[in-house]
Amino acid sequence: MSRASLLRHAALVAICLVVALPIFWLLRTSLVPPELSYDPRIWPEFSTENYRTLFAGNGFGRNYLNSIIVALGSVLLATPLAALTGYAFARFRTGGKAARFAVLATQMLPPVALALPTFMIYRELGLTNSLTGLVIVYAVVNLPFLTWILMGFFEGIPADLEEAAITDGATNWQAFLLVVLPVARPGIAAAVVLGFILAWNEFLFALILSGPSTATVPVALAALQTSNGVEIGKVAAGVALAIVPLMVVSRFIQKYLVRGLSFGGVS
Amino acid sequence: MSRASLLRHAALVAICLVVALPIFWLLRTSLVPPELSYDPRIWPEFSTENYRTLFAGNGFGRNYLNSIIVALGSVLLATPLAALTGYAFARFRTGGKAARFAVLATQMLPPVALALPTFMIYRELGLTNSLTGLVIVYAVVNLPFLTWILMGFFEGIPADLEEAAITDGATNWQAFLLVVLPVARPGIAAAVVLGFILAWNEFLFALILSGPSTATVPVALAALQTSNGVEIGKVAAGVALAIVPLMVVSRFIQKYLVRGLSFGGVS
Amino acid sequence: MADIVMKGVSRDYGHGIYGVRDADLEIRDGEFMCFLGPSGCGKSTTLRMIAGLEDITSGSLSIGGRDMTHTRPRDRNIAVVFQTYALYPHMSVRDNIGFGMKMRGVGRRERDARIVAAADKLGLTKYLDRKPAALSGGQRQRVALGRAMVREPDVFLMDEPLSNLDATLRAEMRLELVRLHREHGKTTVFVTHDQVEAMTMGDRICILRDGHIMQVGRPLEVYDNPVNIFVARFLSSPPMNILPATLAEGRINTEIASFDLAAAQKQAYAAARNRPLTLGVRAEDFYAEPGIGRVAVRGRLQVIEALGAENILFLDIEGQQIAARVDRRFLPETGADVVLHLDTAAIHLFDAETETAFARPDPESLRA
Amino acid sequence: MADIVMKGVSRDYGHGIYGVRDADLEIRDGEFMCFLGPSGCGKSTTLRMIAGLEDITSGSLSIGGRDMTHTRPRDRNIAVVFQTYALYPHMSVRDNIGFGMKMRGVGRRERDARIVAAADKLGLTKYLDRKPAALSGGQRQRVALGRAMVREPDVFLMDEPLSNLDATLRAEMRLELVRLHREHGKTTVFVTHDQVEAMTMGDRICILRDGHIMQVGRPLEVYDNPVNIFVARFLSSPPMNILPATLAEGRINTEIASFDLAAAQKQAYAAARNRPLTLGVRAEDFYAEPGIGRVAVRGRLQVIEALGAENILFLDIEGQQIAARVDRRFLPETGADVVLHLDTAAIHLFDAETETAFARPDPESLRA
């Protein structure tokens, strides 16, 4: 190995360490006894106590299940709606430029400004402290963004394909279901993954709209950081577990998003 | 006007009302005396009291200035870095697919999990309750997203253009500054606008890292919703003011983003 | 019976912009009709109106005697071959070809049999289970054809189907399309901007310009008797040479030559006397050798394009630029003075103002 | 002096994949050299290596006698015209043309003067303040040329610059490029996949296939004496007819005809005796009329492509597919039995295994 190559490899190893160290330290902190959390030794003692108390004492299992239900539920509700809306925007000049702008504009409002009105409406409807309520609010909040993503994908599909299907004897609806949707699969996958991540990580609405039995993972993590002093060992365990589903969906990201999810160029 | 056309216009008017009514009601609530906030009449009395007390009593001017400094500062810091990084990814196969994935992966961590470590580091460095600290954290948090957007724009610029510039006698650096950057202007504008909106609306880091003198608009709005019961008139006034800069940047959105910001199609 | 009759068909985009205006055209049952014209002339729009993919804003369209002006595409029993092929990328070749039959409720067994037969005819048997992305350009083109043929539609509509192929493959597919048409005998409309494709494939060609139909007829008929300068120049490469001319006392006068007309020509061009005229001479009507009815012209050779099989000479004759197509053995040096011989029987005459042609007598009859 | 000398130049992409392999080529000062080949043959890669836009992984390149193997593009004093034109979209035509001079520190006054002169020569004066987006395809092409010319580089490198133009404009620009080259006299390398462009524009042509140089020479020289079947077929349209043949006792035997060779041919083809051979006959070497040295072949007419100026016949002769290019007045019906006359002086002979040609005597000398 030449000297230049050696130097280059050393630099790469150093960079990897910088990136990987915090993640390693997170795991390490979660897997030592809580009283050794701040111990300077690399791995003084192995212990699953943090995980056990997190589930037994803090009911983290409940939070975890809540997060999964809310994130999955909202994405399953929002994606079909986003697909139909995005397709309408992409193909039929629905609403023109103004409607497209309106979709983007909704993304610009400060979420804090939406939180209070939502809380007041939910109180009237009895939807506070319910998973249904969170599913609905996440679906609604993410709908414009997912619509925008899918619109981009549908615009990338040549109109020829649908015209071929229609002259082949398909109805508009069949052309959409049998030709457009399958071709847009990477886009649908991207939308599902992004919608899931956004809902999984959301904190503000979850804090305001959930109650003790419906708190999601971010709310539970925040509670750990403030309730009893900072229980750093449990926080580390909770964060480690919160990342697991993101690692799972990241496989889809690698497959679909890295290629498909680039912003359009200059027209 | 035919009957079908009449019906269609009626439907459009109804939809516009549904969209516009909340915004109108927000303005109306902010511009009546606080004790008439919940009054059912459309506009019982004009008053700027909410705005006056918001600034005089709550020091909202300070919050507003803080938000502008933090949002502008972070975007001015992050955009040039994002442009260089995005260009490197787009043109030079820097780091390959793994590095691109790493950029996306950073966006998947729950912000709540980052907040505490940031707070602890900042306390050590004396950056809590400082605008500099917020500028840095927003620049860092938004950098991957802005990089991703700009990478997409740079990829959309044909390599021919740079090769033409280079054979025309330009250095790589001149080709980037004189040809690539100007052509990517819509992308730069999109990145600046999005970075500004993200920083302007951010709540979680602002809540944890700011102090009384450095609180931003979202933190101030949240405080209004919890401190003294809900002061709905002042909240309405604050939200109305919070939207103003977003309206300003939205002009850029209409010019650049609606066209340029579509997600790439199927490859 | 699947003739296509268009009466006064227009496509109005609003604001006074028309894609096609007042098109009257009859395409006969079983005919291979080529729409030819430069880009933006309305040829694709016309095809898309026949397909039902573009609205007809006025006029009427009938296919096989039935009014189809506003019929949905799926009820017209037509098949379209797109320039981009428009293959369904997520389906195998088999499913691509079978999609139309599936939509029309053809049973699985018959579908399979017809797919296999079509694949066999087009040499696609080996590729039936591949996705379109795994095929070459020529193979994709064949799949698109197979998808159209297997449905046995009344009418084939083809929108520049060869323009994405390289030159060699394009020449092959030209022959193959003609052969397939001869076998199935279905009415076919073929859109192209390439005069060679139109000349060699069409039973008749229809030349469009700016949304208007200029001329319809058999290829050689149109080539020999173009109705105006546009058609005359568009149909040949290099384009027909055009010169200002006058006709007086049975004699044509131009900058490059003056010559007497034959008796039949004098009679045919009676209406052209004493008007500003444009003389048209095709490049192949200049010869290296003198001959009966030929008049000599002399000029300086500016460029010679030696193509191997023939030579194209570009001359400056009295300030006029003239292109001539001559035998490959005639190879003068650039800059040389060259004498060519113009076949006066083969000339075309146009009104200089309206650019429309005066009907000309058959050159062969003049030589006889 | 700006000759280009390539010695053993390769572009290795790793994993045993080569863009170009072991290319030896001398391009003379002031020469117009065309690189011709199908897509993927390495012609663009070679051009980009000369430009410095692609690394040379082995071998050496010199321009004007100076080694430039690893010199940066900006230090080579070359100008590239790209297929996409690659105009800077945010700059006016004026700034596009002036960019290179600005980069090289030419003063504003001289820059302006040279921009105006170039614009005048190319007919762009009216458009100097427009952005590229407001120009037609042909005008963009001219701006790209202007940008290259105004810098007065030693070498022009053009990568399929005409392929985005329509047929008419392409023919015009062909002439214009030849005219411009004659004026400035600079070494020019022109990449194309179109044999007409190569035949008509190049002082010499260089034919590539799969990263290897097949043949270099003057266009008609290569056309008349192709070194192998690939070159022979690629250079003409329709491609040269190819038939299995044998040579015994001074006589060529094929499925479609047998004929005696002339004395000079017997001598030239001595090495071809008793080997498996391939006979090559160009389409234009079939004639409708008999003549000295012509042998009659008889076949069934499958397709006739009547192009107006000439006719291409596709015949089935004893199971062999033959394409013939004949006079436009010879217009038999499809399906008819047709007799054509093969010019035996014009044949080509190839080794059936290696596909390389046997050197042939000049056909004209045989006729004399």
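By written order: A, B, C and D. Residues from 1 in each chain.
We take it that a contact is a pair of C-beta atoms (placed from the backbone, for glycine too) under 8 Å apart; a residue touches a chain by one contact, two chains touch by 3 or more.
All of these numbers come straight from a predicted model, not from anything done at the bench.
Chain A and chain D, compared by their mean Cα positions, are separated by 56 Å. Between the Cα centres of chain C and chain D there is a gap of 27 Å.
For chain B, the set of residues that touch two or more other chains comprises 183, 266. Those residues of chain C in touch with two or more other chains are numbered 89.
Taken pairwise by the contact criterion, the protein chains form one closed cycle in which every chain touches exactly two others.
Those chain pairs judged to touch are A-B, A-C, B-D, C-D. The part of chain D that touches chain B in the complex is made up of residues 51-53, 72-74, 76, 78-80, 82, 84, 86-90, 99-100, 103-104, 147, 151.
Chain B contributes residues 158, 160-161, 163-171, 174, 178-179, 182-183, 185 to its touches with chain D in the complex.
Chain B meets chain A in the complex at residues 19, 22, 97, 100-102, 104-105, 107-113, 115-117, 148-149, 151-153, 155-157, 183-184, 186-187, 190, 197, 200-201, 203-204, 217-218, 221-222, 225, 230, 235, 239, 242-243, 246, 249-250, 253-254, 257-267. If you check the complex, the residues on chain C that touch chain D are 38-39, 166-168, 171, 174-175, 178-179, 193-196, 199-200, 219-220, 223-224, 235-239, 282-284, 302-303, 305-310, 312, 314, 325, 328-329, 331, 364.
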